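Just below sit the structures, each encoded as structure tokens.
Shared between the two complexes below is subunit A, which pairs with subunit B and subunit C, respectively.
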Partner chain A sequence: MAIPKVEDLRAAVATEPNMFTGAIPRKDWQDTFTEFKEGNFAYPAKPEMVEYHHFPNPRIWSPDQDDWKLPDGWEDIILNGLRERLDKFRSLKVFMDICVRCGACADKCHFFLGTGDPKNMPVLRAELLRSVYRNEFTVGRKLLGKMQGNRPMTVKVLKEWFMYSYQCTECRRCSVFCPYGIDTAEITMMMRELLHLVGVGINWILEPAANSNRTGNHMGLQPHTFKDNIGYLVDDVKEITGVDVHPTFNRKGAEILFITPSADVFAEPGIYTFMGYLLLFEHIGLDYTLSTYASEGGNFGLFTSNEMMKKLNAKMYAEAKRLGVKWILGGECGHMWRVIHQYMDTMNGPADFMEVPKSPITGTVFENARSTKMVHISEFTADLIKHGKLKLDPKRNAHRVPTFHDSCNPARAMGLMDEPRYILDNVVPKWHEMNENCIREKTYCCGSGTGLNTGEIMELRMRAGLPRANAVQDVNQRFGVNALATVCAIDRATLSTLMEYWLPNTSDDPSRATDVDVIGLSELVGNALVMDGEIENREQGLRFEELITTETEG
Partner chain B sequence: MTLPELLIKKREYLLGRWEDIILGEYAKDTFRIFKKQKDPFANPVGHKIRIGMAELYDLLCDESDTEVATPGLEDLLRVRAVQPIAASTAISFVFDLKTLVAEQCEKEGMDRLYKEFLAFCARVDAAALAMFDIFSNCRQTVYQIRMNEFKTGRHIITDSARCSSQIMKEDMADSIRNRTTNAQPNEER
Partner chain C sequence: MKVLRPIIAVLALIVAGGVLGIWQGTQMLVGVILPSIAFLVLIVGIIRKVIDWAKSPVPFKIPTTCGQAKSLSFIKEDRFESPNSKSDVIVRMFLEIFLFRSLFRNTSAGIKSNNSPKLHYGPSLWLWLFGLLFHYTFLTIVLRHLRLFTDPVLPGLAMLEYLDGFVQIGAPVLYQSNLIFMAALVALFVRRLVMPQVRYISLGSDYFPLLLIFSIGATGMLMRHYFRVDVTAIKQLTMGLVTLNWTNPGTIHPVFFIHVTLVSTLMIYFPFSKLMHAGGIFFSPTRNMANDSRATRHINPWNDPNIKPHSYAAYEDDFREFMVAADIPVEKELPPAPAAEKKEEVTE
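== the complex of A and B ==
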């Protein structure tokens, strides 16, 4: 057998689509086809899930098969759906019309930077929808036609929408750089909504949404399991600190309802964050309760459709009303805060049955939450620190040298940037900022948001997360940063995986998977709290890790 | 001029052309951005390619250096290991340097440099093998991190929540399932 020359081999692999996606396109974008291969798409929604949500066209199908089993007349369904949404959402109409193709957004998307695929440039991503919009809904369409890049709605276009609306985490970084403020995330949301109209969606969004609908949380935890899990965390807190903490459930008449992502109750490293909350609330004697019904802060409706988002969000107010609380305190989550801050009030408000949130400890009135009645745990904690209400020993976190990852939604959708930093200043001896173009409103996404945090697209997630990992790597090398603090449940999971790939363990300790641990900010708070009645000279952190305070500094 | 001297003299030129070969795998617009943008935070792939290739070039030129796994090269291969390219493509760029160096040798007189060129090629081949090991390790890590998501319970956030869907499956009518015969990839999970 003749041995092929390397050059021949390369030619073969470069021109033929391979394992992951089709080869990176070299032709004009309109002339390239989207090739689905195992590994480059998230699995489609199971028929039960589609049916559960009363979405159309439940069936077994797979993106890598030619026939997607679309319903008859699907083109009209999509176009009518688009027409309806253009009427309903002014922003969509504006975003369709005003892009001048200046290209300022082109190289700002982490998906483009990680994949190099031009269709991941935000301007081209939007063009996938815009080209159809122009063809169907604008005046000059007949005259300019293809010259202008207009396209009819075809299967090829539909497949492109699916590929690239699920290679956008709706992080909105691009919008920060657009002179017109065009928000490509909104365009992605519309493409996903339209795809659902013909039964094209992914399982890892619809299933958690179904769980949330059914049991109140993504995990599908039933009330007793939810309660039991928190019970285990209470035991752990006791073992580590010697302190009894007293969470209550579904308690009517509590002053505050606390809602956090269910991941905090169930998965590492979120559970340590939850232990942090428990210690904090005990420390200040907060009159709060948890709900086993509103047991999920996250809202995968945001990644599905506006109706679904509204429905899943409604339980927060419903539960607050049922329990008769004065206001709601929210835990560390990303997209939950986008929903609360940008949509909740108009969708399910006004929540007049509650009071304007006022800290029972400091008396601070949270004017920013006057309407939503919901306060972020970081705002709440920062206020406590500012008023000297917490007894903190930052040296307990001396084994951590953190940097801070601004999660896309809290940073860009609610402007939460200074409070977490202020908290860090007070709970760790030292921490370091990443490069200024990668933080605050310019922060890079974890690469796995909006329901893309599923295992079957791991390579894609690692590519998309590279810009973030790269900035962490820099502070790791320059300052010995060994922890990545964040205020988002999905981040805590996805960044852990990202760190394990891009910053694998180089220490002698084989039990570690990475050089940089991902940590919820409230874990650092909890670990630094000096509690009444705690074990003298506490030796363990909330992860049962050894503390180094006693040996290093006095 | 000896080959090592030639390689030092032509370093910038050869590195530039060599880099273009890797970046040439990308689309035109991407090539332009990855090539031009020098800020490592605005262009991590371009940056890692640049640094990794420079480190590889230097160790191929330095006959006393035997350690292939430099941090920059590892990073470059880490990038390659999650790109949509075959393993052969991921590594083969190292062989392109032979062609580029041969061109230079031709200009300087291949007859005279032939032996040194052969030695250089042998170093490239050895480096390619070492690079393949690094690449395989990166692929191994990809599988490992998927496993880790399961072990820590993170998969419940990052993958299907099985507990309730299981219950739901029992609850729900079998009608849809009965309509289909072939198991699909999404069914095998």
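== the complex of A and C ==
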């Protein structure tokens, strides 16, 4: 389905009658049916992908057909799966029991704000599962069933699960506002796991997961291609700055292993972020290596199942051990850092073969990563700046007036909020915060996280990204913000699309697609770095864009 | 209408309590036996539920961070929004439980409809306010009722009663907590009926406790201010409950038995319903865990050691020629000559 023109969608989101704009649905949510049509669902996983992961029920099917070709006895498979997960996850059990449906979460979800679909209110999304849970597992279910709105497990319910667990980016914004901390991510992660038990999953997650498993990265770049691509970036760095940078690959004995999302290696605008890394590491003479085997920071397992997450993540420690590095440095990525911060050590630790991370440049010991042995690039960079180890000329970024987009997971699952801001303060002349309801722990998702950045659901993505785009537009109009800085690879891809759609280019420069460019924070760092032996009066930024000032200062 | 069923249920309970409260024999049933059983169900039910929650492990450390984490020395940490230690977690939980911290964040989003839609946000604190008022006045009322279950009366209760009746209106004195309690209940109920989003998500089991508790409050106030029931007789009955010396003085107005029927229903309903949020909040992993998962390893009891990554050896076997050709170091060199047959180039 083609995506509507922006002016049409603008009118639609504000005026079409829905639960958010003030219209009240005539039917109770229990009585409405999920309608699948081209454009509102991500394509199902190809049979060969399902087979690759040894998941059950590989077949060709489509959500918009009535028959989903579910295996015999699928209801029992689901219910047994649910029972098993209730016994494994206290979060699930407690979150099934204690919601009082106060509604505080209702208008906190970007999917709800963009679509007005009542089942996108986090409370109802969870009720899709809760109604079945109550029907099967609670005392008094027979007596209270009607009053509690309990439902048996039916095809109708299963279809709702598929629709709405894939209209949740597991961003955890609702859990900030919930008086009991109920986290919809915990619930949709379980729903997705349950769906996989009967062979219901989407290709845009299972295929990248398969690629990550075999080639080490989600795009399926083979080792030589991975290295070649970085070679091109090395050439570009040379051309722009005149500086030779020296990345190494799979090098044993390096002090630090650097892992970043593979999108930074091959896709705009991530590649500029990568050039920033290259310049930074050269600037400080870091003894680091990249790995082609562990060449993906992102983890599509997080969007699939806890087992898959563990399997894909395990490469990081395995490679660190093989190469004998002292610790791991991680690039800018949102969900990658959810996995590293909250899951990696538990799943694949203890990482006792490494040392407590210590910056070789400043001597700072990263106590907060004492056990995991993995440090975020923003923590690392902020520390360098604080110790005056970087020669920075913020005026090199004078053509950028950024705002900062907190990515969901660094903000709400790590508490990494002020390190990037500290860096921004030091690498650009000025930048502006967005509306306080749209940043830090209240930040909005890009609308396409958790494996939803696939083309066939573009309208849905643009709607889900509306709250973010809206907040950017506001600072664009008020302060002339023309850049959206972020520390997330999915953001770099999806926010670019979002900006091009909602904030199309209004300038005279036909080469621009949008008024607001999406920029990795490390690109701004790299662009501001004054390198030894660089071209005098450098005229180009890392995107070959013209710089405003050509004077360099020490 | 989802609210109909709960209304009928509560009315039925009122009628049943009232009818059974007329005769001495049946008074014993609803005034003594029912609350005794109900109290047992409440206690056992809560314990069972809590044990049931506790039996499921917490495999991962998943706090929701609502502020800056402890990291570098020059980055200011937000200790209670992103707690790093047990003591910080305790403060965070205290703020959640006693002040409803997270609900205090509540905003209301709207969209202005014109050519360029604009989302706007405003504070939305009515729910927080009425929620807080309801819970604290409920607590006050429950504490005041301890007068009926202790002899001599617990120290401090007289002071509580004095403060609660501080305004000194009417005789017997009108407790402020009662008024606020009833007002908060009405507000919470009306909110459910009037706000479209909340109305849409509300189930019968959301209206039922509100109506039930409202009826408990109403019958209580009627007893005190309208029927002027025989408090001495009631205390005789309630002390009998506590001392297991069951008695029915026989001079108590039927409205008391309606009150007790409703309270008993609440106690029985409590452990099997959403009212368990009172206990559940203590178990919420997004709130009760420290954000120190990179500094201290959290153990998952069911972590499966058999889940291994696609090994490096298998990876190198797959790509060795390419790696050698690209000058990427390998563990095993290529077989001398002739070059191994070309592996299929699939990217899956």
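Here is the rule we go by: the second predicted complex is superposed on the first by the 523 of 554 C-alpha atoms of A that agree within 3 Å, B and C clash if a C-alpha of one lies under 4 Å from a C-alpha of the other, contacts with A are read in each partner's own complex, and residues count from 1 in each chain.
Keep this in mind: contacts are C-beta pairs under 8 Å (C-beta built on N, C-alpha and C of every residue); 3 or more make two chains touch, one makes a residue touch a chain.
All figures in this text were calculated on a predicted structure; none of them were measured in a lab.
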{"item": "Combined model on subunit A where subunit B meets subunit C, clash or fit", "value": "clash"}
{"item": "Touched partner set for A:L466, first subunit B, second subunit C, both or neither", "value": "both"}
{"item": "Which of subunit B and subunit C A:S496 touches, first, second, both or neither", "value": "first"}
{"item": "Partner chain in contact with A:W161 - subunit B first, subunit C second, else both or neither", "value": "neither"}
{"item": "Which of subunit B and subunit C A:A513 touches, first, second, both or neither", "value": "first"}
{"item": "Which of subunit B and subunit C A:Y272 touches, first, second, both or neither", "value": "neither"}
{"item": "A:Y52 touches, of subunit B and subunit C: first, second, both or neither?", "value": "both"}
{"item": "Contacts of A:L113 with subunit B and subunit C, given as first, second, both or neither", "value": "both"}
{"item": "Subunit B versus subunit C as contact partner of A:F249, first or second or both or neither", "value": "second"}
{"item": "First (subunit B), second (subunit C), both or neither touched by A:T364", "value": "second"}
{"item": "Overlapping segment of subunit C (options 112-120, 130-138, 202-210 or 238-246) - the one that collides with subunit B in the superposed model", "value": "112-120"}
{"item": "Set intersection of subunit A contacts, subunit C complex versus subunit B complex", "value": "10, 13-14, 19-22, 24-25, 48-49, 52, 106-107, 113, 118, 121, 207, 210-211, 214-215, 220, 222, 435, 437, 466-467, 470-471, 474"}
{"item": "Residue ranges of subunit B in contact with subunit A within the complex", "value": "25-30, 33-34, 37, 39-45, 47-48, 78-79, 82-86, 88-89, 92, 95, 141-142, 144-146, 148-149, 152-161, 163-165, 167-169, 172, 176-177, 180, 182, 184-187, 189"}
{"item": "Contact set on subunit C toward subunit A in their complex", "value": "2, 5-6, 9, 45, 49, 52-72, 74-76, 78, 81-82, 96, 100, 102-103, 105-109, 111-119, 121, 127, 131, 195-206, 208, 272-274, 276-277, 280-281, 283-287, 291-300, 302-304, 307-312, 315-316, 318-319, 322-323, 325-329, 345, 347-348"}
{"item": "Interface residues, subunit A side, partner subunit B - complex", "value": "6, 9-10, 13-14, 18-26, 38, 40, 43-44, 46-49, 51-52, 58-62, 64, 106-107, 112-118, 121, 203-204, 207-208, 210-211, 214-215, 218-222, 263, 266-270, 435, 437-438, 448, 453-455, 458-460, 462-463, 466-467, 470-471, 474, 489-490, 493-494, 496-497, 500-502, 504, 513"}
